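Chain nomenclature is as follows: A, B and C, assigned in order of appearance, with residue numbering initiated at 1 for each chain independently.
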C-alpha cells in the first residue's frame, strides 16, 4: 500500500514541477495518438460505412476478417511492422524504423479495425432504418454514406474515443518498432515500462496515474461536448 | 465550419508525418539494457553531443537481439558485453572492428538471509556450485542477453546443468534485466546481474549482493558495422564517436559516471 | 384544365419471398388520375402492392407500365407509415432529397413548410417534432421532388387529427392538380373521404377494383362485402 501512496506523491511532484522530460513525453504521446486516431478514422469510418451499407461479393468475408483483426495481439503487429521497416526488410529503404512515424503506422494497423468494426455496427442499425427511404428517393451511394456519417456523429464520438483509449494505452507494438529511444520515441507507456524495469515502481506508477488522468479528462471532455449538443428532447436512438 | 476543421487537421497531419524525424546528426546504437537502465547513456550522450554534435539514438534490447538487429543492418554501432557473440558477429562479415571499451563487475544478488553463504566463496564457480547443491532458487534471464550468455557460460565452466531443474529451483523468465530483478527479489531467488544495473536499481527489497566477481570482469565492447554489407551505415559519424569514447576525454567521461557516488564503469 | 394522365398498366405481376406467395398473379388497368385507396385486412398484401408500384421491390414476373415517359413511377415519391427523419433541421430534411439545391427549390421548400403547417420551424431540429409533424415533414419531403405519382403507406395511422387534416387537404389539392395518388389505409372513413377508386386485396389477391362510391355501397365480391360489414358492425358495436 505504501508504494501506491508514494506513486500519488510522485505523480503530483511530476505534474507540479512541470518536468521538461515529462512534458516532452506527454507531447509525443499525444502527437502519435492524435495522428494515428485521425488517420484510422479517415480509413475506418468510411470503410465501416461502406461495409454496412453496400452489398458486394466478398462482403461477409471482409467483415469477419476485420472483426478478427480487432483482436490482433499488439506485440505481433509490432514484430510484423518491425520486420517490414527493418533495413533488411521490404520498406527498409525508407529509413523509418525507430521513428515516431513507424510508431504511428503500427498504431494505425491496430486501431483501424476497431474504428471500422464499431462504425460498422453503428451504421448497420442506421442502414436498417434509412435504407428504404434512401432507395425510394434514389439517393446516390456517396450522398447516402455522407448522410449516415453525419447522422451518427454522436455515436461516432464514442467510436473515436474507443480508438483514442486503445491508442494512448498501446505499448507492445510501439516499444518494438520505436525502440523507446530517449527524446525521440519514448512515450508515456514505454516510459512506464522503462521505469518499471529500472525498479522505479513509484515513478512508473506516478506516470501511470498521470496517463490515467489524461485519458479520463479526454473522455469526459468528449462526452460533455456530445451531451451539450444532445438536448434531452433530442434523444433519438 | 466542418470543412475548415477537416482541412486544418489534414494539414497538421501531413506536416507532422512528413517532417524528418530529426535534423541533428545521429547514429543508431544497439545496446545491452544495463547501460541504458543505469543511466550511463544519459551521462555520455550530452557530452558527445556537445563535443561532436552527434546524437546517439540508443535502442536497448539485450546483446542477442542487438546483434540480430545489426545483422539486419538496423544499427550503426553495437555496444554490448558478450565476447563470443561479438566475435561471432565479426565472423559473419557484418562486423568491422571490435574495441573493448570498459568493464564493470558481475554480481550474484540474492535474499539477505542466504546471501552471506555465497560471499565467503573464493570463486564464482564455487558460488554456483553452492546454489546448485543447495537447490537455492535461481532466476535466469533466459533471453539471450549478454548477462544470460555469461550465466550460461558460468554454469558450463562449473560443469553443472541447471536446466534439468527448470521450473523447480531454476526459473527462466525470458525477461529484460529490470523485470528479472523484480521477479528474483519477489521470489527471494538468486540471479546474475551487473554492478551498474544493480546499483541503479530502485526496488531492491531485501536483496543484496551475495557475490562480486573480482576475477573475471564484465567487459563492454564497441563493434562497428561493415558498410559493404550495410550500405546505410553512417561510418564517418560512428567512427568519430568510437574515436571519442576510446580517447582520453572519453575515458575520463566514463570514469566520471557514478551511481550514488560510486564509479561503476572502468575504462580499458 | 390540365392534360389527363394515361392509365397505369399492371401486367401479370406476382411476388413471393422464400416460397411464400405474397401477391398472386395480377393484371390491372388503373386510372392515372385521382386518388386510389388500397384496402384490405392485415397481411392482405397492401404494402407489398404499394412497394411494387413504387419500384422499391421488383415483381417476380410481369411489369408495371405507363404509356408516357413523363408520367411514370420513376417520377414518384413515397411516404412511409413510420416517418423516417434524418438528424438535422426541418428544412435540411426536405432539401436532402434534392440533387442540386437551387434557390428555386429553397423557395419551394419554404412554401411546403408553410402549406403543411410547419411555419417557423425551418431551422428547428426535426427530431423535436411530434409524430404528426414528422409525418407532415415526410409529405413535404415527398412533394419537393414534384412527383407525378405519390404513394402513401398508412401515413396517418399513428398521428393526431390536426396533422391528418393537413395531410388530407394537401393530398386532395395535389390530386385535383394532376398528381396520381396511391394511398393505403385501414381507416374506412378516411377512404370514403379521399378515394376516387378502391383496390381491395385479400390474401395477396386483388379482389376488386372499382369506383369508391360503388365499393362502399355494394361491393361485388363476398370478401369485399365481409370487409365492409366487418368494419361497419364494429362501428355499430362501439356506439
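Quick note on the criterion: a residue touches a chain if its C-beta (ideal position, glycine included) is under 8 Å from a C-beta of that chain, and two chains touch if they have at least 3 such contacts.
Computed from a prediction, not measured in an experiment: that's the story for all the values here.
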From chain C, the most remote chain by mean C-alpha position: B
Chain at the geometric heart of the assembly (C-alpha centres): A
Centre distance in Å when chain A and chain C are each reduced to the mean of their C-alpha atoms: 48
Between chain A and chain B, centroid-to-centroid distance (C-alpha), Å: 33
Length of the line joining the C-alpha centres of chain B and chain C, rounded to whole Å: 80
Parts of chain A lying in touch with chain C, wherever the complex brings them together: 129-130, 132-133, 135-137, 139, 147, 150-151, 153, 231, 233-234, 236
Residue numbers on chain A that touch chain B, as the complex places them: 31, 35, 38-39, 86-89, 92, 95, 97-101, 104, 179-182, 184, 194, 196-201, 203
Of all residues in chain B, those that touch chain A in their complex: 9, 13, 16-17, 21-22, 28, 33, 36-37, 41-42, 45, 57-61, 69, 71-74, 176-179, 181-182, 200-204, 230, 232
Contact footprint of chain A on chain C as seen in their complex: 54, 56, 77-78, 80, 84, 86-88, 96-97, 125, 127-128, 145
